[in-house]
Structure formats: structure tokens, C-alpha cells
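You will see chain A twice below: alongside chain B first, and alongside chain C after that.
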Partner chain A sequence: MRFDTIIIGGGLAGLTAGIRLQEEGRRTAIVSSGQSALHFFSGSFESLKDCPEAEELFDRAGVRLHNLPGSRRLLPGGAFREAVLSLGDVSLLPGEGPIGKKALIVSFNGYHDFFPELLAGALEKDGTPSIQGIVEMEELAALRKSPTEMRSVNIARVLDKCPDKFVQKVKELLADGVDTVILPQVFGLDGDEVPRAISEGLAPLKVIFVGTLPPSVPGIRTQNMLRRRYERLGGTFIIGDSVVSGAVHEGIVSSVASHNLDTYRLFADNFILCSGSFFSKGLHSSPTAIEEPVFGLDVEFPEDRSLWYEADFFEPQPYMGIGVKADKDLHPSIGGEKVTNLYVAGAILGASKDGKYGTGAGKAIKSALAAANKILSL
Partner chain B sequence: MTFQEYTSSVHNFEECMKCTICTAYCPVVPVNPDYPGPKQAGPDGERLRLSDPLFFNRALKYCLNCKRCEVVCPSGVKVGDLIQEARLRFDNSKPKLRDRILASTDFMGSMARPFAPIVNAVTGMGIAKAVMDGVLAVDKHRTFPKYSSSSFEKWLRKQESKQGSYPRQVAYFHGCYVEYNNPQQGKDLVKVLNALGVGVQLLEGEKCCGVAAISNRLEKQACKNAQANLEAIGKAVAQGLTVVNLSSSCTFAIRDEYPSILKLDNSAVKDSVVLATRYIWQLLESGTVELRFKKDLKPLRVVYHTPCHLQKLGWSMFSKELLKLIPNIELIPLEQNCCGIAGTYGFKKENYETSMAIGEKLFEQIRKANPDIVATDCETCRWQIEMGTGYPVRHPVSLFADALEDPLA
Partner chain C sequence: MNEFDVIVIGGGITGAGTARDCALRGLKVLLVERFDMSTGATGRNHGLLHSGARYAVTDRESAAECIAENKILRKIAPHCIDPTGGLFLTLPDDDLNYQGTFVEACKGAGIDAEIIDPREALAMEPSANREMIGAVKVPDASVDPFRLCASNLLDAKLHGATILLYTEVTGFIMEGSRVLGVKTLNHKTGEEGSYYAKITVNAAGIWGMSVMEKAGITVGMFPSKGALLIFAHRVNRMVLNRCRKPANADILVPGGTVSIIGTTSTRVPLEECNNPQVTPDEVNLLIGEGVKLSPTLAETRILRAFAGVRPLVSSDNDPSGRSISRGAVCLDHASRDGMEGLVTITGGKLTTYRLMAEMATDMVCRKLGMHVRCQTAWTPLPGAEGHSFKETADTIWRTPANKPEEPDIYGDALVCECENISVGELEAAIKHLGAGSLVDLRRRTRMGMGTCQGELCGCRAARILAREGLGDKALSDLRSFMAERWKGIYPIAWGDALREAEYTQWVYKHVLGI
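And then the complex of A and B:
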């Protein structure tokens, strides 16, 4: 089968590039092995302050983004960090000063992926006293039949059906002086209408949504909305398959082979490789080398293995900065020879050290748009 | 051998890092709180079961075997295979009579055929449904698929010499559904292949693929059928034939479940067993054949549903691309959602409500699209969608056959 562009990897970078190309009428396919890092998404595109092109593209897919210069956001462990471009339900807080007079932090019985105590400690230090409350509903009790499955997605499925009831339950927990409600991000699997309805239902109280441990409800929603947009634009999304090799001759990729299609090959004029970093198997490390498994692209890494990591687990880890070598147009090389119709985007490029390697989502969007725009300009 | 190879585990379960993405996409979890979910039933449970088989949880029977968990797993864990194999290995209760009946598609079909009109009338009657519901726990809301009084096999055998006259040849694994319930679907495939200059041969000694036997824990029966099929397919492949099939679940079972669950080596024939839609597409793509569609085809609004096992095979694009070739067709691919029937699963009384609740998302999409017809590659998805929505459902190859010019008599 022949396409204009084949995109290897169906995460944030792949979908962004795919939507951009389909919007311009190109015929593309995305080959995606398993679900992506968006399922672990904090909701904030690290390292990206603003990007009108991405904001408009996401808006057309129904995903609202926002940022406010100088504002902060509250992380699940209680730390505050400078805000970046974020999903609509990541709450942006004023740059300084207490976030409220008194906060109510809400959680659920048996839910272990959200930490009210850590948040309370951090808020106390920041000048906001807080109380904690548990919302109990019979629908949630049914979930606890399997205690290990009391997880964000399952909770969201329950609460998405009855946001009004949830708002009522929160109101019952209010005490004198509370002007701020802190909720885990367990709302809106299919769209951000539910978190918006909850903010409105609790007004004039200020509602702050804080991330949970994975899976990320806003992340899954984003993945599904982007995929839906891509497929509605006519894109071919092949899920659960992995590209295993590519035919490269004199710096040109002509086709790729996949696990499920065995002897049948997919052809295209251009290819974008956004297969992710180590976890997504876009990069593979052996005791002696770090390799890119599909095309055997050149990867830059120190020969001395002890320089790949910091012995202190909690320090930024240099291996996160290791990635495929690419030129300014995002073309990689094989044995020093440039591959002219292949582009690399997303986490496979390696994260930037100045962002302490936490640059993933922003870099994915930037590089994916750059690759797609380059292809459109040819 | 490298160190890493020594660390690989059965169905890759040690690769699970408990991200819960499988549970997030499991169609059973949202509708049946008794099911612990694929992560718990698969890799988590496997660790416990390996330490003591007593940890086996009967609630694993609620698994649909749809394999959506495997499709979404970022770490390549064969979650669905883990669950199915655990049911075969650790559940020492005897499969019920009802399960044996539902799984014995060959036996039931050959018994019912001579009396097809009577059987169809009886199984459709309220009283018979009540008896089956009460005695066998086959849900009364279900209507048994109608049996056909004619045999596809006999029909094809009668034209052996005509089929032999085509320049190209394929072998056709036609399966129980075409043999006993819907011979017309097989005839549709023969029409399309003949139009492409391909003659169709039967396999010698084909049996039910065994997918229903696997999910009803009838391992011996499944293995017996699988061995017979591998032998039959092997003979055809030895003659240089490709073996085509219309049903995504049969194809998936032969290619993937024979080795992964039944531990039968199919490596010599695996690549030669393909879905007919893929075979037809590849033939068209090779540019050596030409198609003539009927003139004046009326506009047809078709929604296409990807069966779960076809999603797992990764070949639904062939069905969709073929449909797009039909003149005057408006093709709307549906978002992939499980229809909820999962073969014999939805026929069981204890699963009926779960089955229909799972399908609701898909039914809703279909009603909203309000198509002329629904296309899908799986016969049990077809029953479920017809029952859940009332819209007619057909195989993409049948729609394709209808659009082709009829051969000169």
C-alpha cells in the first residue's frame, strides 16, 4: 500500500504530525505499537510556553490548551512549578501568594494514586491551611470489589456519569472559610466538559485540579481526541503493530515492514520516525551500545557506560538525553550518510539537559510540526 | 544466547510494569465489576498462580478474549493469552454441557442441517428459548443462527472442474459459519475470486478452527481440530497454494492462537494463511487483474466495524480499502469498539447483560450514522450488531461481490 507519508509511532508527536499533514490533504498512515506516553501525561507540555500553531491544531481536534505568563501550577507531590502550555483542566495559579484562604482537598476511599497529605503540607508552607475530605458514593463502592482497580480511569468512568451528584457530595464536605477545592484529575475521559461542569457547579469556590499517578485521565482523553481527529481527516491509524525494518538505499527509505503485515510492505515518499525513547522501544540499550532498532540510525552516546547514568537515582539521568543524531531539518543518518526522506521527531531525539531532561511533550510537538511543515514545503 | 534472552517470561508477563493501560481499554471492566480486569487477571495473577495454583480466580471466565489489552499494551505483554492459558491450565472444573454444545460447531451443524427448517423454527420459538434458557443457560434473548439446508462444500465440489480451469488457484478454509449457516457468503467469495481469474479449491479434511473450543476450555478438542487443520493446510501449502479465509477469528486462531495457546507449531504454514480481503487487495495491487463493476450502482452508505480479532491481526485496512473501490459507496469507518458478543460468550445467560452493555457504544455509533448497511468481517459481530441495532450486516466481500458484474452464463 502506498501513502504520501508514513509515520512510525502514534503518540503525541506522531498524531500531531499526522493531523497537520492530513489537514493539508496528504494521505498518511500511522503505525503505533501499543499506547503511548500520553497515558502518563501530566497535562502540561513541558518546555513549551506558547505555540499558536499547536494551540490552533489542538483546538480543531477539540482539545483546549491554555497558559498564562508568570503563573504556576501545583504538582501531585505538592511542589509548585512555573506554568507552561497546558490542557484546559490543568489549573493555572497566580505566580505568588497563597492560593486561597482555606482549601478542601478531596479524595476517595481506597484510592492510592493521589496524596492529600503531601499537598496539605505543601499548601501549609505556601500559606494556605487546608482540610481533607472523602467523597463516598455507592457507585464507587462497587469499584472496590477489585481493590487493585480503584484507579483514575475507573473512577472517571463512574463520575463522568454523575458530575452533579459529585458536586453535591463535595458541598457537603465544606467547612467555614473554605474558598478553594482541590480535586484529583479523574474527570472527563471523553472530553473536558465534565471538569468544566464541576468547576462551574462549585463556583464561586475556586477549583484546582491536580494530577494523579498514571494512568492519566486528561492524557488518555487527549490521545483519543487526537486519534479521532486524525481518523476523521482520513488518516489510517494502525494500532498494535510495530515497524520492524525499513528498506534504505542511497539515503532514501522506500518502504517499511511491520510485524503484523509480515511480507507485505508499506510504501511512502516520506517517513517520520517518532517511536519514542527507551520505554517505547524507540531506542534500545545493550550493555555496550544504544541503538535505534528499525533503521539502525546513528545514535550519539558516550563510550564509557558509567557516563550514561547518575548513581543517585533522584538526579537527572543523562541517558534521558541520549537520542538519534539529527541535522537541523531533523534528518537522521546511517553510518554517517544522511537519510533524506526520513525525519525524526519526539522523544527519540533525546531530551534536553537544560530542562533536566523533562522536556518531552513540548519537544514532541515542536519537532513533529517542524517535520510535517518541512514535508509540506517540499 | 544473551543474558536478556534468559530473562524472557511466558507471554512476556515479566515486562508488565503495571501501568493499567490494558484495564483502561478493557471492554468488560466498565460494565462488570466482578471481573478483576486484564492486569489483575493476566500478569499480576500469573505471579500468584505460579507460586500456588490455588490463586486461580474463576472470574477469569468473564474475559472476552478480545485481545484489546494486547493491542494497547506498551510493553508487548500478551495479556489475553495469559488469561486464556490460565483458564485452560488452572481451572479444573468440568466445562458445562451447555459450553460443550456451544463449542461444537461442527457437530451441531452436521446434526442440524438435515432438519434445518425444523431446527430453525424450533430454536426461534418462545418455548424452546425458555427451555434453553432454563435448562442450558443459553440466554432467551438470543436467537440461534439459522442453519442452512444446503452445504457449501457440496456446492463447490460440484464445480471442481470449472474451478480447476482458472489460471490461478487458492485453497479456501471456509469455516463452520459458511458451511452450516451462510453458504451464500462463501459463494460471494468464489464469485469475486473467479472474476479475478482465481479458482477456488476446498481443503481436504477441514475442521472447525477451534476458537470456540479454546474459549470454552475444551483444550483436547481444540488441539484435535487444530492438528487436523494444520495437516490439511500443510497439504495445500505444499502444492504452492495460499489458504484464504473470510472470518477474522478463524484466521487469527490458526495463525496466532495455535502456537501461543495450544502450543502447536504452525511456522511452516503461518504466512500462507491470510484473510481473503488481504489476498484480493494484494492481487489487485499487483496490477495483473482487472475488475468490472456493474454499471448504474445505486449510492450505498456503509459503516465499517473492525472486529477485535481483526484489529489484533492488524489487517482491517485491506477490508476498508476494498470497500472504497466500489463505485458510489460512501464508507464510514467506525471507531473501534468491541461489539460484546465474543463468539459463544454472549450466548451464555450469565453474560447476556454484560455482552449487550459492552456493545452499546458501538450500537450508538451505528444508529447515529444511520447507514444503509453495516460491513464487518466477523460472523458473530454480525449477529450481535443485527440484534443490537436492527441494521442489516454483511461481509465486505459480499458487498464487493454484489457490485461486480455477473459472469456470463
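And then the complex of A and C:
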């Protein structure tokens, strides 16, 4: 099989690059082992304030992004953070001042992945008194039979079928003076119509969606929608397979081999490696080394393992800054020799905040666009 | 109010057992513990209910004590014991002649040791090294020290004892050469207190040395650090030992859902006892030796590293501490130092805690001129009746003062999926067992001790604490819980442990914002 570009890894970086290339009519394939970091996504692209190119690309995929300079977002543990570019159902709050007169925080019986008590404490400090309410619906009763089923994705599966009823139930919980409703992000696995319908259904009350413990419903939705867009553009998405090695001669990758395709190889002019960091197995660590497992790309790391960590959990962890070494065009090297038709993008570059690409999901988007644009410019 | 027959200092297994024994004999007991129960060596050990075989050749007396207590604990605390059995493997590196000496010594100490064919041993324990050239079966078992300590404290309470957690003994109330009681500081409220008793028992483990200094008494102790590694699965069914003279890293104990390899023995300065650290060299040694017992360990993920300090009483100046007797020491400071009303009970092992408690209580009774028989060798601990975890937890937690409430239909939801801990169990621990923080909950329920090391259940439990009215500090508590977990993870953070760590970093800092 021959493609213009083969992308290894179908998370945020791989899909962004893939969509960009397909939109320009290139023939591409994405090979991806499985779950990506998007399954745990907060909905906010760290380090990215705005990025018109990405916002338009995502919009065409049906994923609406927004940001408002100077606004805040509310995190599930009760902290306020400065807002960054975020999915539509990450609520943007005024930069200061109480978020409302009185808030109703809604949860479900037997649901322990959302923290009304912690939010209430944080809101109180911020000047917004709140009450808590529990929505009871027989549709959720089946989930509760098993002690592990009351999780965000399962709840979304149920509630996506009956948003009107949910809105009705919330209205029954309203008390005097409530002008703001806080809901867990457990809506809209297939698109953001459901969260939007709920906001509209509860208007003129202000609805604020707040994240839950993983898995992340907005993150999984984003993954699904980007993948759908990529496939509608004619991209080939091979899921559940892993690239195991690449044939590299004189700084050029000619083909890669995958686990499932056996002896059959995938050929392309260009390759983009978006296999993520340690978590997604794009980087591999042993007691003595940190390696990139597919091509054996150069990675810089301290030999003394104790320097990989900070003993204080809450300090930035040096290992998270470790990634594949790349030049300004995102070309990696093997044993010091540059690989000229291979690009690296996303978390595999390491999470350290660099000036050009930022960190986190912001870095994934910006580096993926940079790699795709470079290929398009050739 | 402040007067007791006996004050016990220390809420480890020795103090808990002594408080229970004293209470069962009708004494009015006060136990004071500076932190939570099981925060000393009792919460940082290997969890092996020794058959005594390990000491049979080198220390016959300890061996005999172990087997006797091993048999008793199986009867009085079956809910804390997993009767796995144990094997002593002779590997190609070891001298097979030692096996004969070993089995003879075991028999002499009353330990049922049986030589079996290596093939039979492999069938019993598929994870054992297939290259073994000899195997001996012994009645080792695995014991849950947290639950054992909690059961003893609860029974003491049921028999009228007063238990003060987070209360440190800061000094003694003395009159001439007699101790009249203790001065205390409550770490939660900052309150100081004075408590009086005819006899005070020092069961403060390795810290007993400094506690005794406050009464002007020197007890020479040998702080011996042991490092251990916890593996993410229960690799072995039976306890695995090396059939040779006791050495480093030669025991693999299955416990709950994990396996633990240990241990080492290094003398450490007293200052390090509060926060013993595991070094990279110790990690390497433990893995290297562990793999010899069970080669699958090479591919098994390590959950965390931890260390504890053994409260050994020193006799000579052996730098490794292995030749010091592991036997118990019970000191009457009246005859030893001319100080009336003060007793020390220390040394020994988790396995022999009951015997140590009996020795201390006998001494207390003698000094009080009482003649009451010890009943702990046959009186079951609370919880011993039920065998399922849930049933046991309920019996342990429900004291008569807290009658069982209406069953909560939402109480079954799981908080910790690795260790199967439900909301109901955590609520019970908060209400009936004085748990006021996540670390307290972990000690009482094993929450957060499984593969994920608390990343999700920590948050869920913080929320339950907040709901039970402990909300003001739920967040800072969650932060210290995660900080504490990380201390045991980073020495072994590579491979899957590093993947999990990276996940936890993102989820806590960016997704949850904690």
C-alpha cells in the first residue's frame, strides 16, 4: 500500500495533521494503537490562547472552540484558572466577581466522579452561595445495579437519549434566587447538540459545565468527531494496529511495518510520528534509558535516573519534559543523523513549554499543523 | 476522668495488643498514639506471619515463639490471615546440604517442615523458579497488619479502653523515682493534657528510645531499616523464601492483590526513622534477588517502594543487625533502673505481638498485685466471625454505641476499583473508626493501595470526607495524600509506573486542578 503521508498515532496531533493533509487532497493513512490522551482531556488546550487555523479546521469537523480574553474556567477540584482555547462546552466565566447570585450544583445518586462539595466550597469563597441537588431518573437505575457503572461515559449514553426529561428534572430542583446551574460534563458523546440543548432548555438560567473524573465525555466526543471528519475526507484510519518498525536508509524512511500487517509494509513519501509520550507508549522508559521504540530516534535524557523526578509531586516533573529531539522543521535524528522525510509532532516532543509550540494539547495542535504545512509546502 | 490503671504509649501492633490484653483482664486502660494507628513499623513491614522457619537455624527461641503464635493467630484472627503456606527454595547457587540442617532445626523448634519434590513445589507454586534443586514446605502465611492492629484496638475499646489518636506523649509526670503518668500534646487541637496511671507501658517501637530518655532512662536500640518493593499483581500463591542463612531480599510474600519482595537490613540514624527512604541501590538489589525466587518478577510492574524501621534492642555492635535476636524484650524499669511504674515492651515481631502483649500485661498485673489469667490465646478478635471482607469490615467498624443503620442502597458503589472498596466501607471508617483523612482511610481500608495508587479513588474519597463534614481540609488532604504516594513511586518510576505517573500528573494538575 502506498500513501503520500503515513501518520503514526491517531490522537490529537495525528488527527489534526491528517485532516489538514486530506483537506488539501493528499492521500494519507493513520495507524493508531488505541486510546489517546483525548480520552482524559479537560476540554482546554493548554498554552493556546487562540489559533485561527485550528479553530477553522475544527469548526469544519463540527468541533466548536472558543476563548474570551481575560475569562476564567472552573475546574472540578474547585480551582479557577485563566481560560485558554477550549471546547464549546467548557464554560467561560468572567475574569472576576461572583459567577452568579446563587448556584444549583447538580449531581446523581451513586455518582462519585463529580465533586459538588468541593465546588460549593470554592464558589462560596468566590462570592457565590450554592445549593446542591440530585437528579433521580429511572433511566439511571440500571447503571446503579453494578458498583462500577456510574461513570461519566455510561451516564452520557443514557442521558443523551432524554435531554428534555433531564432539563425538566433540573427545573424541579430550582429554589428561590438560583440563577446559575452547574452540571457535570456528562452530555453529548456524539456531538455537542445535547449540551447545547440543555443550556437552551434551562435558559435564562446560566448553565456552567464542569469536568468529571476521567474518562472525559467532551474528550471522547472530540476524538470521535475528528476521526469522522478525517474518514469523510477520504483518510484511511487503521485502528487497533501498532507500527513496530521503520526502514530507514541514509536519512530517509521508505516504509514501516505494523503488528497486524505481518510482512506487508506501508510505503509513503513522508511520515509523521504522533505516538504521544510515555502514557501512550510513544516513549519508553527502563531503569537506565528513555527511548523512542519505533525508529530508535534520538532522545536526550539525564543518565542519573534520580534527575528524572522531583520528589515533590506538585513540582513540575523533569521526565515530562523529556522527548524526541527535533530540529526547527520537526525532523528527528537517529544517532545524530537527520531523518528528512520524517516529522515528529505532539506529546512525543515532551511536555516542556517551548516558545514555538507551547505545551499540552496546544503543542499537539501547533506542531501537527506545522508538520503538515511543511509537507504541503514541499 | 484522667486516671487509669495503665497507660500504653504507642498505637502500633504491640501497643494495640497490650491495650487489649490489659482491657480483657479488667484494667482501666488509656492508649496514646502520636499519629494514627499503624503509622510506625506496623504499617511498614512485610506482612509475613512467620512460621519460624526463617529463624530455625540461627535463633531457635524466636523460631519456637513464632510457630506457637502462628498457630494461635490463625484461630483468633482468621480475618487478618491468608493461610498461603510457604516454600523454602534451594536454588542452584545455594548449598543443598543446608536443607537437611534446616529441616532438622525446624523440627526441633516444632515447625512442620516437609521436604517436597521440586516438581511438586512447582505445581503448588507455578511462579517459583523452575531451576530450583530443592523445596521445603512450611506453614508460613500472609497477614494484614492494618486490620490486625485495628481489630485489637477495637476490642480494647469494646472492653472499656480509651484510645487517643494524634496525641503524643511529650513527657512524664514524675514524683521522685516513680512515674505517675504522662504529659501529652494533641496534634489536631494543640491541646496539652495530663493523664495518670499506676503503670505506664512504653510500646513506642523504635521511638521508645527517645520516649524513655524523657524519664532519664537509656534503652539501647538498633534502628534497622528494611526496604521493600510492592509488585502490581499477586504473582505468587505461597510465601517464597530462600533455603539458606537469612540474607537480603530473599522473601516474597503475597498479600491482598499484590506481592511484596523484601527486605534489607541497614542501621540508620534515629532521625531517619520518621521518614525512611529507599535508595536506587536497594531497588536494584531487591529486584535482582527477587527475580531469582520468581523469574516472572522481571516482567511484573512495581507499584511502589517503601521502608520501615525495625525496633530491635541492641546487644552488641553488629553493623547489619541480622545477628541481633528478633526476640521480644520486656523491661521492668523499677528493677532495671530504679524507676517505679514504668515498663517497656519492644523488639519482637508482628507475628509475636500477642505474646509480647501477654508478657507486658503479666508484668503490669504482677506490679499491681493482681492475679488474672491472660485470655488472648483463645479469645477471637472482633471480625474473626465473618470471612468476607465486607462482613468483616462491618463487624470491625460497628461498635455497640453505633447500631447498624438502615442499609444504604448507594453504599455499594465502588470508590477504589483496584481494592474493591465501597462508599459504605469508607463511610463506616469515617463514622466508627475515627478516620479523618485520606491516609487514615487508606490504613483502615486499603483504599488506594492497588495498581492505580490512588489516583481516582483519592478524589472520590476526598469528596466523601467532604460530605461527612470534613470538607474544609479535603483538598489539602488530597494533596498530601498524593504527595505521600509519589514518595513511594518515584524510586521505581519507569515503564508502566512512569506511564501511570504521567497520567496522574495530567489528571491532577490540569484536568481536576488540584
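The working rule: the second predicted complex is superposed on the first by the 372 of 378 C-alpha atoms of A that agree within 3 Å, B and C clash if a C-alpha of one lies under 4 Å from a C-alpha of the other, contacts with A are read in each partner's own complex, and residues count from 1 in each chain.
By our rule, a contact is a pair of C-beta atoms (placed from the backbone, for glycine too) under 8 Å apart; a residue touches a chain by one contact, two chains touch by 3 or more.
Please read these numbers as outputs of a predicted model, since none were measured by experiment.
Peer 1: Per the contact definition in the header, classify A:Gln22: touching chain B only (first), chain C only (second), both, or neither.
Peer 2: Neither partner.
Peer 1: Is A:Phe40 in contact with chain B, with chain C, with both, or with neither (first, second, both, neither)?
Peer 2: both
Peer 1: Does chain B (first) or chain C (second) touch A:Gly240, or do both, or does neither?
Peer 2: first
Peer 1: With both complexes overlaid on chain A, does A:Phe279 touch chain B (first), chain C (second), both or neither?
Peer 2: both
Peer 1: Could you look at A:Asn260 and tell me whether it touches chain B, chain C, both or neither (first, second, both, neither)?
Peer 2: The answer is first: A:Asn260 touches chain B but not chain C.
Peer 1: Under the stated touch criterion, which partner chain does A:Thr148 make contact with: chain B (first), chain C (second), both, or neither?
Peer 2: both
Peer 1: For A:Pro214, select first, second, both or neither according to whether it touches chain B, chain C, the two together, or no partner.
Peer 2: In the superposition, A:Pro214 contacts both chain B and chain C.
Peer 1: Quick check on the superposed pair: does A:Thr128 touch chain B, chain C, both, or neither? Answer first, second, both or neither.
Peer 2: neither
Peer 1: Residue by residue on chain A, keep only those touching chain B in one complex and chain C in the other, then list them.
Peer 2: 40, 148, 214, 279, 281, 286
Peer 1: Touching chain C in the complex: which residues of chain A?
Peer 2: Of all residues in chain A, those touching chain C are 37, 40-42, 44, 46, 75-79, 81, 109-110, 112-113, 115, 117-118, 121, 144, 147-148, 150, 211, 213-214, 216, 277-279, 281, 284-287, 305-306, 308-309, 311-314, 317, 319-320, 360.
Peer 1: Over in the complex, which chain C residues touch chain A? Could you list them?
Peer 2: 280, 284, 409-410, 412-415, 417, 422-423, 456, 459-460, 462-464, 466-467, 471-472, 474-475, 478-479, 482-483, 485-487, 490, 493-495, 498-499, 501-503, 505-507, 509-514
Peer 1: Where on chain B is chain A touching in the complex?
Peer 2: So the residues of chain B touching chain A come out as 2, 4, 19-21, 23-25, 29-30, 33-37, 39-40, 44, 70-76, 271, 278, 282, 285, 311-315, 317, 321, 333, 335-336.
Peer 1: Per the contact definition, I'd like the list of chain A residues that touch chain B in the complex.
Peer 2: 1, 29, 33-36, 39-40, 142-143, 145-146, 148-149, 151, 153-154, 157, 214-215, 220, 228, 231, 236, 238-241, 258-264, 279-281, 286
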